[in-house]
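In the two assemblies presented below, chain A is common to both, partnered first by chain B and then by chain C.
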Partner chain A sequence: MSSGYPLDRRPVKLLIVDDSNIVRRRIERSQQFDDLQVVGTAANGFEALELARRTDPDLVTMDLTMPQMDGIECITQLVKLKPAVRILVISALADKATAVEAMERGANGFLNKPFSDRQLNEAIAELMY
Partner chain B sequence: MLREEELKTFVDGTTRYFEVAAQQPATIGSPYLLEGEAAMHDYTGMINVSGKREGVVYFTAPRAMLTVLLMKMQESDFSHESMRDLVGEVANTISGNARRDFGHDFVISVPSVFSGEKPQIPQPPGARAFVIPIHWRSHSAKLVVSLT
Partner chain C sequence: MQSSGADRIRRLLTAGAGALLAALMALVLIVGFRLATRIRANVALLQRASLLEAYPSEVSQQLTALRERLGTLEYTGGVHQELADSVAKFDRNLAALERRPGVDPAVLRAAGRLWRAYTPVLAPVLSYSGEPYSDTDFGSSLSVSGKIFYTQVRRAELFAQSSAPALHRRLAALSTALQKRTSRAASRLRLLLSAGVLAVLLLGAAAAYLQLARSRGERAARAAEEQTRDILHTVREGLFLLDADYRIGAVWSQALSHLFGREDFAGLPFEELLRDKVSPATLATATKYIKLLWGERAHENLMKSINPLGQLEVMLDNGRGGKETHYLQFNFHRVLGPKGVKHVLCTVADITSNVMLARELNEAQESAHSQIDMMVSMLHSDPLQVGGFLDTASAGLKHVNAILKEPARSHAEFSRKLTGLSRELHSIKGEASALNLMSIAQRVHHLEDMVEELKGKSELTGNDFLPLVLKLDELLAHLRAVREMILRLGTLKDGTSPSDGTLSTPILRLTGAERPNGADELATTLQGLARKLAEDHGKPFTLSLEGLEAVPTAYLPTVKDCLIQMLRNAAVHGIEPDAVRRAGSKTATGQVRAQFRRLESGCELVFEDDGAGLSPEALKEAAVRKQLLTEEQAAELDNRSALALIFKPGFSTRAEVSMDAGRGAGMDVVAKAVYALGGRIGVSTHPGRFTRFKIALPAPSQTAVA
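Right, the complex of A and B next:
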């Protein structure tokens, strides 16, 4: 998918956070933006913060239910570490209160699992383009 | 105690999972009350539920079904680890979606996954367990919902 942005625009750096390998690969495979560059994948909040320090992502897709450090705690710390980062929560938790809490902590968008390729790309486009 | 009408949340969640993730709807059989222990398939993903309700939700499926499901998801890794990952993710997704109806206090754990060994299924006092049969392509699996 073409972003329609100027050719000299630098790539958008994407960090994918989910405790499922299948979901991480699915997001990586399904995103259709020419200028989106996956800079890392993490299986929990601790790994995500470490990778965020090293890779300085522009966009993070964030699962919520994860071992060791969950997504809500990770969002809280991530926005302190990288205030400009855009965070798209991708979670099975489908209640409104969870979405509101994630947004209050600093997330910018929310996509429920299961999701289609189209829903994923629309959610990314809404945040980044 | 889980009421039969509340099972619709899990039936709908299962239907949605196969429609969206596998792009091919599953046929959901009539749920029935489990008496004794459910027969387990090759892989089982289990979610512990706490808060407003207590108990477990688990998805158990044969390897052949999971292989086709992974193929439909464009996956190329059909390893044991991928099978374990998938049953955990299915159980997590259906349980997480149930919060749409059960609310924020329906607290779910990260998945526990069993394969090859007989899982220890916690059974809180007062819980009723229902089996939701899932038929997809030529395969059959089960979602078991055991909640107070």
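Right, the complex of A and C next:
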């Protein structure tokens, strides 16, 4: 998988947004891309937007059900803030309507929880390379 | 359908050749027309030339005739006039020829010169107008002018005779030349016409070929069209294309009409297809999804994974005027053109049977799981007891069924039905949990919940009971499954370990007529239930049983039901927690005793516990709370009557509902069973010390035993 993109490129900056600490660690650890750099982790929408402003990520993994500001709202604002950012929704919601809603607001990919490392890496590869 | 480049080139070539041939034809016609015109002109010239040819000899003949007439003194006027006409005609025709270009000019000029040489000699002859004869009585003779005229005629005659051959030759040559020209033009015209005919033939051939090619192409197109139609007619999925306005294209498969029961798909917005068939929320999501398909981010796999129409529940007409629930699966494939997404190909399949199959599979799996649970619990319980329980439970449920089937009209009747149901269910649940058959106990508990819910309703109709009937069927099926499993388990145990000490009797015989000692079985059941109750409620107590072997077979089921219920009541209401007991200077372990005796007058069953006893006041309060009594009625009640409240239907002192007690069906079940056998039941109690039930039953009659 690592041969699918040029190695001399600058690392892809990843922001992880999930209210579950376990999931955040899980995503952090599962990264097998040499040039993927986790620039921040956020537990809710507000933190996510603040971190996005500061770190200018290329890729955001986004949970949908979070306290304070949910994922759908966060995606809407994030796309306004950083139009170039790619958003991978990672959610346990089996509800297709929410997935469609997220896509409409500007998400680029969708991954269902629970996911395997392979599924996650494939989803990221599909979005970024 | 498939218009290849080579095909187009061939068509262009044929069209070019056709145009060329048509131009050629036009040229042939124009040139031919001009040639024909020229030939006509030449023919006119030729006629004149032929006329001229005759004149030289005619002129010389006329001159000779004139001279001879002068010699014989005959009238000259006519001949003179004819000569003048001939000369004039010659002049005219020659002038006409000279005016025509294209006639051999040298010959014409020579002829002209020769003819003009006539003029000096002819002019005096033609211009003579005198009287050539002088007539006397003696006869006539030439006059003076006549003599001169004669000389002139003679000279002209001589000149004409000498010149005529030369002039004739010239004119003949002129004719020949003209003739040659004409025939040349005619042969050219022939050639041209041949070429024209050839061109026409070629053109015809080309047109025929073109026509043939076109009809071949049309045939191919028709065949392709027919194939497309066949595909659309036969394919089982609904197929159609969506355009960028989310409208359905002009072509769709027949299956789509069957699915949606309409034909007007062309141009129909996708939203309209689903409107009235799905919820507005689903419709909104579907519309958003369709819009996303046109977007850049719509990766095919991603879009497939979030397809909200992958399993869509819709209400469709069933063709008989009613509606039916169907499950439709929509799939979307983007058709890419040079400028991005051109269409979205949509397939619709009716997956109702798949969904149903999956559901059945799920249910089967669940039932398998519960069977395993059941099996595990049965491995831990005495198969003899389980078998006995199944018999009574089936009988009980059949009774429940009978209650459900009873017709009822008034609310009171429905209420009575519900109360009857509660009792039956409660006792089945008690036995099931006594045997640790939790899967059955839970199901019955669930049924009880439903009954309770109905009790809370102010208006009841027969329809309210339908869910109960269904649930009951399910429970019966479950019981059958359990029974079957026991049979299997029995064979298994028999076959594998016949010497297993825990199972002295093959289970298979349980369902048969030769029941082993009922009293032993009853004792085991009760002791098991006692252990379980003590454990569940954290109240240790011992159960002592006496004289159960004396219970007549006919009374066994009733005695069993009563004892189970009373045992549960004792464990829940009677025996206190050990802390309370110690404080009341009692033994920490409670004592429960059941004694059956045969008396002369019949039988007696005594059941007692050394628990908290019954409080008449608490019983009255509970009865008021349950609205079984008004406060006034309660106040008037003496202690004895208060105690009798526990036998009233729907009475329970327990506020909370647990698996073992509190449903309000308990002692009334016992009382009813006792009354059914023609017996009596009584209770005596002392607060803080004991509760004692005494049941008197008549001696079993022979018929009852049988």
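We take it that the second predicted complex is superposed on the first by the 126 of 129 C-alpha atoms of A that agree within 3 Å, B and C clash if a C-alpha of one lies under 4 Å from a C-alpha of the other, contacts with A are read in each partner's own complex, and residues count from 1 in each chain.
Criterion: a contact is a pair of C-beta atoms (placed from the backbone, for glycine too) under 8 Å apart; a residue touches a chain by one contact, two chains touch by 3 or more.
Since the model is a prediction, treat every value here as computed from it, not as a measurement.
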Fit or clash - chain C, chain B, common chain A: fit
Query: Touch check for A:A97: first (chain B), second (chain C), both, or neither?
result: both
- prompt: Between chain B (first) and chain C (second), which, if any, makes contact with A:P67: first, second, both or neither?
  reply: first
Query: Is A:V23 in contact with chain B, with chain C, with both, or with neither (first, second, both, neither)?
result: first
- request: With both structures superposed, pick whichever of chain B and chain C touches the larger number of chain A residues.
  value: B
Query: Touch check for A:P83: first (chain B), second (chain C), both, or neither?
result: neither
- prompt: Taking the superposition as given, does A:G109 touch the first partner, chain B, the second, chain C, both, or neither?
  reply: second
- line: Min C-alpha distance chain B to chain C after superposition on A, in Å, is 5
Task: Touching chain B in one complex and chain C in the other: list those residues of chain A.
output: 97, 112
Message: Under the stated contact criterion, what part of chain A meets chain B in this complex?
response: 19-23, 25-26, 29, 65-67, 91-95, 97-98, 112-116
Query: Which residues, counting only chain B, touch chain A once they are in their complex?
result: 16-17, 20-21, 70, 73-75, 77, 81-82, 85-86, 88-89, 92-100, 102-104, 106, 108-110
Message: Give the list of chain A residues in touch with chain C in this complex.
response: 96-97, 99-101, 103-104, 108-110, 112, 126
- prompt: Which of the residues in chain C come into contact with chain A in the complex?
  reply: 281-282, 285, 288-289, 291-292, 297, 299, 301-302, 305-308, 310
